[in-house]
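Here come two complexes built around chain A, the first alongside chain B, the second alongside chain C.
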Partner chain A sequence: MKRYIAFRVLQSAVSLVVVAVVVFFLSRISGDPIDTMLPVEATAAEREILRQQLGLDRNILSQLGTFLANLAQGDLGRSFRYNQPVADLLLERAPNSLLLAFVAIFIALVVGLPVGIMAARWPGSIIDRIGRTLAVSGQSIPTFVVGVILVLVFSVQFRIFPSGGTGSFSHLVLPAITLGWFSTAAITRMARSSMLEALNSNYITVARAKGLPEWTIVMRYAFPNALTTIMSLTALQFVLLASGAVITEAIFDWPGIGLLMVQGAFARDYALVQGVVIVAAFTAILVNLLTDILYAVVDPRIVLTRRS
Partner chain B sequence: MAAADQIRQGAESSPTTERRKLRGRNFPVLAFIFLVSVVLVGVAGPLILPLDAFSGTLMTALKRPVWMEGGSWSYPLGTDQLGRDILSRLIVGARITVIIAIAGVFVSAIVGTSIGLLAGYLGGLIDTILMRITDAMLAIPMLVLGLALAAATGAGVVNVIFVTTAVTWAFFARLVRGEVLHIRELDYIKAAEIAGFPQRRILLRHILPNVFTPLLVMASLQIGNTIILASSLSFLGLGVPEPLPEWGLMLANSRDYITFAPHLVVMPAIALGLMVLSCNVIGDWLRDRFDPELDHLR
Partner chain C sequence: MTTESMSRPLIEVDRLYTEISAGGRTFDVLRGVSFHLNVGERLGIVGESGSGKSMTALSIMRLLPRAASIRSGRILFNGQDISSISAQDLAPIRGSAIGMVFQDPMTSLNPLLKIERQLTDGMEYHRGLTHADARRRALELLERVKVPRAAQVLASYPHQLSGGMRQRVAIAMALSCRPKLLIADEPTTALDVTVQAEVIALLQELTAQEETSVIFISHSLDLVAEYCDRVCVMYAGRIVESASTGQLVQTPRHPYTNDLIDAVPDIDAEQITRFRAIGGQPPQPGALPNGCPYHPRCARAEGICREREPLMEDSGRAVACWFSNHSSKEAGNNVG
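Let's look at the complex of A and B:
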């Protein structure tokens, strides 16, 4: 167990560094930051001065070194649009994004778990069909289409929820459903398939033979076994939310990191955009790591299969 | 690979399994008919355009579709805020979507396959470096990476293709590398090596053909992904530029008129939804047909 965890931690540390290096080179390949920071009429001398100030005249490897060293200290550079450290901006917006993400996952669980469990209990039933439709639509309808249609129905036609902004609980409803749409589909699917697998095991047959009530069989016998899979999937959904969050926050003017990134992308605020990319990737890697460790703790079989 | 990744792959295989059950017998046929008509309409575009997709007059602005009150057959799906015929715009949009989807996936497959082939066949340090980079690319959420790259390249059809390639090649690289690792252990490759064939020939003539089937399946599965990515970028204003009627862009531009002209929003939304759904259904069907064991592809 300890060896497995140590191995995964080391692996993740390597991934963090590689991601940082890749992002660094991507941002260098994709354009000269000087061009976007100075007006077109700037003279060559002015460009040179800014280049020196930013350290862009130095050897690329030494720039990379500085970049990594700063990153290690939590310094993501400075946003020139806001004239603030990127890390501060992100920290300021993070609570909004996290709130939205948690509510989205909550909705996905509240809808997805019961539908998935019932679909597995009664395959082919109406509820199973609803679940499948949900799963298909979740994957095939782009997030922004979901968001705009929700606005059309609930803000424009029925005027139940506001179409954007923050302030009250009702502002949270539409963005959270939009963001949770994809995850709801994923969790429904996963709950159904893992419950089906559990319900088809021999120990369930034994439980039935003992004449236990159906509800006990499903919830006390099958569900805990399906739960580990569902748990780790939920954690991974949290990572996958990042892409949807960018779109959702842009549609609903939700002042989170996603909206910050879209605005930064328009303003060509590279330090800001790069900061979001790094934070998103780091979060993904860390959540993956934590999920793996948690999974190994909950289900020792994982470690055994890893080793062999 | 980490346990969580295996779970994720499991999770990502099940949507397709679900769809397979859902679609019944007619689903792939319907999807195929829809896709073929979209492609035909996209190719034949200018020949069958009822009206000009790029210009209109304010006199004819915001007309409703024919089945709604005030609609007429001269503009079957109505007109937008600038009086441009929506049906014509959807048709031109189909062409743009088809071009981006095909070109994006094609280039991405070529880049990813080359990297996967090299990593899998050469092994050692090159494999480690290439696969670490691949993993790093896969760790960054797709749209976050796409948006960052789009911010650097700016809007444009070619730029969108570049961005979707940059974001999705890693899927192909990982797939191909895995297949190559398996194939290169087979006897006929060993025989070819002993016979003294040059590496290039072994890679291209002996290994590559055997990677084609999973590659084709992966490519078809990535089409839906690419369309979503490209239209999301256009929706945010960093993909296909104005005045091109890309569906995501049409949707974004019509949001201001959502209160009194909801059909402006609904039409591109339906087009996009059906398009992605059809691509996914066809992708699954291809996978089932040619490579049922590749359930992990996604």
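Let's look at the complex of A and C:
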């Protein structure tokens, strides 16, 4: 188990370096940030001074070196646009995004798991049809449509929930549903298919032959076997929600990381975009690492197979 | 074991029809299966794949796949018809009064649960034992099925055990609630030959101790003959011959039984000369030929075999063949 974890941590560290390098180059193909930072009538000399101040006149590899060295110390650089350390900006915004993502994934699990499990237990039943409708609508209706419909119904028509901003629990409801919409569908579908597979296994027939109550069979014999696939999907969804809630955050004016990144990209704020992407990638790698360790906890066979 | 208890039927299957739906068609996989089993008796069911052996077991256990269901007939267990009772009424019977061992030990144990959990939960549920008591009995059971280091095995997951060990655990599981009837569906087919013999010996010993009745399902007539008191031969969803083991092996009446016996290689002989495979394939359920379903593969088939299907009654020595009468005076009442 320790060797397995050490191996996975090392793998994660390598991924992180690769991501950092890729992000560095990708953010530099979006154009020249000087253009957006100075007025159009600025002279070539003025532009050159700013370029030197920002360090953008240096050799690209030396810029990369500085970037990686700083990154290793936790320094994500300075936002050109906000003129603040990127790390501070992220720390300020991250709790909002995380909160939203947590609530969204919570909704997705609370709705998706029971519906998926019941749909698998009674295929073709009413609940299965409801689940399928949910899955199809969740994956085919785009987030911006869902968000706008929710605002129209619950904010404009019935005035139950605010249409934007932060501050109270009721501010959270509509953005969380909007953001969790797609994940709910994905988790419902995955819960159904992996539970169906588990319920069709031989060991379930054997458990039934033992005469155990149906609830025990479904929850204790089948569900853990479906759990690993559901877990990896949930982790993936969470990363997406926490780092890429661009549309939802824009609709509800939710001051999270997604919004910050879009603003950064428009301003060609290299450092900011790099910072957001790196933090998102780091989150993804971390969550995947945790998921893999959890796998080994849930499924005793995993450590054994990976080692051999 | 008194002769009285031997002759009391524990289970009676009466004209059981089980149907299955596939590809928009519905057809019978069991076509009127009838047999009985007395207390303490061991009944073998033999036949090729697709003959309906497993479907018979799954019908009794009410474990049929979703597409299959019992269409008609009765399954009397201790006088109670269990073919159509509710899940609630079935609860005290399935896993408790009737235990079952399955074919493939590699997939029949839950990979994520320790052996302890899988062995004890049936006893806790059916017998109301505390976990400590159930665990004690589980240890005892593992020792009885000759699993070495029982305590360590209890703490193991299935993937840490060999196939033979897993099948022993599965047997312990099936016997944990002291069933009156054990159904063993090809319990040794997936095991090494040496392990097979051990498992058979084990089944023999355990069921004798507790006077458990056994339905032993196998495609191997050899194995069944070794272990069972009586044998039913199944073909195309029907029992075609039923007799005591000795009679069946020495004087088979149905050509199919005869061919099955000939198909077993005789290892004792200097040269394997008796070995003779049965030509052709068993018919698919739902695509049976007219007349006797065995006639396309039968050396003795004549006109009537292609037109009408011979029936049989379950009366000790029974056979469903148009020609068995000619070779036997007693079998006259068996043709329906």
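Keep in mind that, in the parts below, the second predicted complex is superposed on the first by the 278 of 308 C-alpha atoms of A that agree within 3 Å, B and C clash if a C-alpha of one lies under 4 Å from a C-alpha of the other, contacts with A are read in each partner's own complex, and residues count from 1 in each chain.
The rule is short, and it goes like this: a contact is a pair of C-beta atoms (placed from the backbone, for glycine too) under 8 Å apart; a residue touches a chain by one contact, two chains touch by 3 or more.
If you're wondering where the values come from, they're calculated on a predicted model, not measured in any experiment.
Chain B and chain C, once both complexes are superposed via chain A, fit side by side.
After superposition on chain A, the vertex angle at the CA centre of chain A, spanning the CA centres of chain B and chain C, is 90 degrees to the nearest 10. Looking at the superposition, the partner that touches the larger set of chain A residues, chain B or chain C, turns out to be B. In the superposed model, A:78 makes contact with neither chain B nor chain C.
Using the contact criterion defined above for the overlaid structures, shared-chain residue A:190 touches chain B, although it does not reach chain C. Using the contact criterion defined above for the overlaid structures, shared-chain residue A:135 touches chain B, although it does not reach chain C.
Contacts of A:210 after superposition on the shared chain: chain C is touched, whereas chain B is not. In the overlay built on the shared chain, the residue A:156 is in contact with chain B alone; chain C does not reach it. By the touch criterion defined above, A:201 reaches chain C but does not reach chain B. When both complexes are overlaid on chain A, the residue A:121 reaches neither chain B nor chain C. Shortest separation of chain B and chain C in the overlay equals 15 Å (C-alpha atoms, whole Å). Chain A has no residue lying at the interface with chain B in one structure and with chain C in the other.
Every residue of chain A that touches chain B in the complex is listed here, in rising order: 8, 11, 14-15, 18-19, 21-23, 26-27, 30-31, 129, 132-133, 135-145, 148-149, 151-152, 156-157, 185-186, 189-190, 192-193, 229, 232-233, 235-236, 239-240, 242-244, 246-247, 250, 261-262, 264-266, 268, 270, 273-274, 276-277, 280-281, 284-285, 288-289, 291-292, 295-296, 302, 306. Taken in their complex, chain A has these residues touching chain C: 123, 201-203, 205-214, 216, 220-221, 224-225, 298-301, 304.
By the touch rule above, chain C contacts chain A in their complex via residues 61, 63, 66, 87, 90-96, 99-100, 102, 104, 107-113, 121-122, 125-126, 157, 159, 170, 173-174. Residues of chain B touching chain A in their complex: 2-5, 7-8, 10-11, 14-15, 17-19, 21-22, 132-133, 135-137, 139-145, 147-153, 166, 224, 228, 231-232, 235-238, 248, 251-252, 255, 258-259, 262, 265-266, 269, 272-273, 276-277, 280.
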